[in-house]
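What follows are several structures.
Two complexes, one shared chain (chain A), two partners (chain B, chain C).
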Partner chain A sequence: MEALKRALRSGRPVALWHDPPQLRYLVEGPSGMEEFRIPADRTFTCLAREFPALAWFERQLAEVAALQRIGCADPKPLRDHGTPFPFATYDGLHEVPVGPVHAGVIEPGHFRFSVLGERIVNLEIRLGYQHRGVRAAFLGSSLERGRLLAERVGSEPVAHALCYARAVELIAGVEVPPYADRFRLVLLELERIFQHLGHLAGLFTDIGYAFAATQTGRVRAMVQAEIERLSGHRYARNAIVLGGVAARVDEDAARAARAKLSELAYDTSTYIAPVLRHPMVLDRLRYVGVVSEGQAHRLGLVGPTARASGIGRDLRSDEPSYRPFVPVTRVGGDVLSRAHVYLLEAQASFGLLDRFLRELPDGPTAVPVVAPDGEAWARIESARGELLYVVKAREQRVQAIEIVSPSFKNWPALEVAVRGGGLPDFPICNKSFDLSYADSDL
Partner chain B sequence: MTSLLLLLLAPLFSGSIKGLKAALQNRRGPGLLYDYRNLWKLWRKDYVWPRPATPVFLLGPVAAVLGPASAAVVLPVLPGVSFAGDFLVLVYLLNLGRTFQALAALDTGSAFGAQGSYRELLLAALTEPGTLLALAAAQLASGELSLAGLAHLDASNALVYLLVLVALAIALVAEGARMPVDDPTTHLELTMIHEAQVLDHSGPLLALYELAASLKLLVYVSLIGLLLPFPRVLAFALALVVTGVALAVLETYGVRLRYLRVPDLLSYNTLAGILATLGVVLRLRN
Partner chain C sequence: MKRLLATLQTGRLTKRLDDLLALPASSPGIPLLRPERLSDEVRAALVALCPSGAFAEDGGEFRLDLAACVACGRCLRRHPDAIGEWRTLDVAVTRRDDLVQRVDLARGTLIEPSDPPPSRPELRLPTLGCRAVSAGNGGLDDSEIALAGNPYHDMSRFGFTLVASPRHADALLVTGPVSENMLPPLERTYHAMAAPKAVVAVGNEAIAGELFAGSPCVRGGVDRVLDVDVYVPGSPARPASILFGLLLLVGRVRQTLVGGQPRSQRPAPPRP
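Right after this comes the complex of A and B.
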């Protein structure tokens, strides 16, 4: 326990899950990943008071593993709608309930604001409306079916499929052929551009800048067309298989895709980049929804959100294929900084794609995967941040699975970012984090 | 007469702004007659009655249309009723419609309705003095107290009239709930001003609100038209085209103001109104 606390003080929790009869903590510290196993039978000790980054994990444990919390500062449900949610109320403040049904076609979530006039004093988020029993669906399914499920967990099918496939391949001890390894990264970067441009388009729509939103949406749709050209599916479903990729891209298609992508990279720099220099756009985005670097550390944030608050951690730095790689970092922590990170990462991904597509290696597309009984975890830097799959296989089936999505780690940041801000600015704050409800509700 | 004309033209006006916006964004628009079809579609639908609502809930949309429609009676685009001080009647009939709209939104008991109401009433309170002063200045400069007696823009009153036009243009975007004050296309409840008030109204009630919104815009467009140095109907048509294009361009290339900055914009409306009045009183001529 003391070693765990020491690690948490200098590091960041990556995952916490119950693997009976123990709790397992993955903590990334300055010297790499450390794992801690704490016995827990019916109860466990909450550490969230000291390490707020664990708060949502502990709320999840209480529901998923049915463990009693000891010393819990904030005993709220996470996804369970069977128990009433103890919303904080303040004397003399107006309560504004928003959702779970919204006026637009977006995912369901409930937001409870305590406002003083137009100023947000406190926000509480209640999720769980998208809970579909993803963990239960995985259990006992074949490893191949697990891949199909992973593609449907959230809105990033490539990242989820790749992360799951890597975990299974680690169990099997196989190395994917160089071609497959490279082509998977092509798809991952395409998905990153697609997602990031989506965040930007949403942001521009929300501030009423119709022209910028349409242009961003256009480039995004054309990136999606390239995903379809290279993978055969608009979201690249079924392009990644266990042990490799489904098919080889012929040279003509790769060349055509490179040409089109360089055109789109040009459009991004000409039509989208100047939007973030427009004075009225700056007025809307700057100093809104600030997450300081200290808050980002304490909350254990990941992905573009963390990088916009000055934490230069990008899992792609660890992958040899990406080298040389410099993570995009901004220090403002506000909506504008996050928009900059999205834009700069999308632009960098265009560059990476050009390199990857030019150097597609020869060789087979996939190797057979026969997994012995065992367990492994894999991490991917998805568009939203660090995605983790822990897979336990037994007799070619999924025996246990733990999915920690970046959104799950970043949701608490939204509550912090909007405090003290104006109520009408909430939607752009929310959009700037672009959190997925589906993959944190599971 | 004018009321009828404006009622008939209102959906065409809002429909063509939509079409123009779509064209400016390289999209294919919904067609000029879309808003007529939309109103007809909504009119035939059923509506939902919120549990805590009283008959005020029904009165809101009705008054919202009747306010601008009756205000238009005194607008001399086509020959109609005219009397001294009718511009005051016009402004306050518009306000009457809005008051009932705010009450109807409060009546639903929803947090968004209340939020829309207090925001819209704040904007109304900030726009009213400037608009009134500007209209009064135009009347005084013309030496007549009825809208029908308004003189055209010419060299002798150009300074005052320009200020009046500025005040009216700002009032148009604020009262008409258009960009950069309000975004009529947004689906984000928390940023809504006008739209938040109508969230709970559906079917024919929503149709009335939609009609009322474009009708209100047209009343301001007609006011602007009255000042232009052309025959009444021609000036009206010209104001219609110019305002429509300006709104479409503004809503495509403009960014919505932060809500807390809106009063800054509206202060220019008040300022223009005050300066116009001073201009008349001090007999500034160029």
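Right after this comes the complex of A and C.
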């Protein structure tokens, strides 16, 4: 326990789950990943008071593993709608309930604001509306069906399928062919551009800047057309298979995609980038929804959100194919900084794509995967941040699974970011994180 | 000034409906069973190769449920003789049965269903306010609804708009397999709408749960809890299919798929 606390003080929790009869903590510290196993059969000691980054994990444990919490600071349910949710109330403050059904076409979640006039004093988020029993659906599935499920966990099918596939391939001890390895990254970077431009288009819509929203939407639609051309699906579902990829793109197609993508990179720099220098846009986005670097550390935030608050961690730095790689970092921690990170990362991904598509290796597209009984985990830097799959296989079926999505880690950031801000700023704050409800509700 | 120029240079993006309904060459179309080519081996192979279990056989009947197809294209590639392909996106139907192809194995022919019912006359509205509710969808069907409003698809040219309040809505677009936790808000949204009102199940998950069918945390389809007027299949349902579904709802197009196969294709000619 002391060793765990020491690691948490200098690092960041990556995952916490119950693997009876023990709790398993993955902590990323300065010297890499460490795992801790703490026995727990009916109870466990909460550490969230000292390490707030564990708070949602501990709420999850109480529900998923039915473990009693000892010393719990925040005994609220997470996804369970059978027990009432004890929203914080304050004397003299007005309560504003928002959701689960929101004004736009987005996923459901409930936000409870305590406001003084127009100022937000406190926000509490209640999720769980999208809970479909994803973990249970995986159990006993064939490994192949697991890949289909992974593609449906959230709105980033490539990242989820890739993360799941890599975990299974680690169990099987196979290495995917060079072509597949490279083409998977092509799909991952296309998905990142598609997602990031989506966040930006949403922001521009929310501040009423139609020109920027339309141009961003236009480029995004054409990126999606390229995804479909290269993968056979608008979101590249079915393109990643266990052991490789489903099909090969020939040289002509790769060349055509490079030409189109370089046009789109030009459009991004010409039409979208200047928008973030426009005085009206600066006025709306700057100093709004601030998450400080200290808060980002304490909450264990990941992905573009953490990088916009000065934490330069991007898992792509660890992947040889990306080298040389420099994570995009901003220090403001506000909506504008997050918008900058989305834009700069999208632009960088266009560059990466050009390189990846130019160097597509020859050879087979996939190798057979026969997994012995065993366990492995894999991490992917998805568009929203760090994604983790821990897969346990037994007789070619999924015996246990743990999924930790970046959104699950970043939701608490929204509560912090809006505190003290105006209620009308909430939509752009929310859009600037653009978190997935489904992949944290599971 | 520069921006004005950029806007003008962009030109018109909106595509004609016919162009939108054509499937891009890289994506697999909808599989069509060729009853005369379904030997015992082929049927067994199809059941084994489909990753999502869209094929099934029992009681002397072989079935393909389009609402279970995840569009991987495997059956089309491996069994081009037994499986034809439909490459347009006019796939929405008013009746769940019209998404299931059924082959009578003794006779070796497709089972012909009756004509599909027309859409309800009170829904033949000049404009349609649509309220989208995600009930356990991963986010892609929702994304496709939003994209049906982008400049390329431009749903508003047909009089369709996405509205914020259910009070302003004529149609409820539901995505996802209907999670238990979203059931009460979904029903409340439906009851807040004024009559006449329609329900559209958007995407395979909303039609029959797709991969989440059987999960105890979901109902496994919108029609288990609300009367559904139009089913739009797809994994996820594509924006053009959604547009076609809305046009079908207001009675401006004729349904193409009957018993899971396009009318023009029945009886199915063998492929060369």
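The rule we apply is simple: the second predicted complex is superposed on the first by the 442 of 442 C-alpha atoms of A that agree within 3 Å, B and C clash if a C-alpha of one lies under 4 Å from a C-alpha of the other, contacts with A are read in each partner's own complex, and residues count from 1 in each chain.
What we mean here is this: contacts are C-beta pairs under 8 Å (C-beta built on N, C-alpha and C of every residue); 3 or more make two chains touch, one makes a residue touch a chain.
These numbers come from a predicted model, not from an experiment.
In the superposition on chain A, contact is made by A:A103 with both chain B and chain C.
More residues of chain A lie in touch with C than with the remaining chain of the pair chain B and chain C. With both structures placed on the common chain, the touch criterion links A:G422 to chain B but leaves chain C unconnected. When the two structures are aligned on the shared chain, A:R284 is found in touch with chain B, with no touch to chain C. By the document's definition of touching, of the two partners only chain B reaches A:Y209; chain C does not. In the superposition on chain A, A:E175 makes contact with neither chain B nor chain C. When both complexes are overlaid on chain A, the residue A:E118 reaches chain B alone and has no touch with chain C. The contact surfaces that chain B and chain C form on chain A in the two complexes overlap at residues 103-105, 211, 214, 218.
Of all the residues in chain A, the ones that touch chain C in their complex are 79, 81, 100-101, 103-108, 128-133, 136-137, 144-145, 148-149, 152-155, 157, 198, 211, 214-215, 217-218, 221, 225, 228-235, 237-238, 246, 270-271, 436-439.
Those residues of chain C whose C-beta lies close enough to touch chain A in the complex are 3, 6-7, 10, 13, 24, 26-28, 51-52, 70-73, 132-140, 142-147, 150-152, 162, 164, 166, 176-177, 179-182, 185, 189, 205, 210-212, 215-218, 235-236, 238.
Interface residues of chain A, counted against chain B in their complex, comprise 94-98, 102-105, 118, 206-211, 214, 218, 278, 280-281, 283-284, 422-427.
Considering their complex, residues 21, 24-27, 111, 115, 179-180, 183, 185-191, 199, 251-261 of chain B touch chain A.
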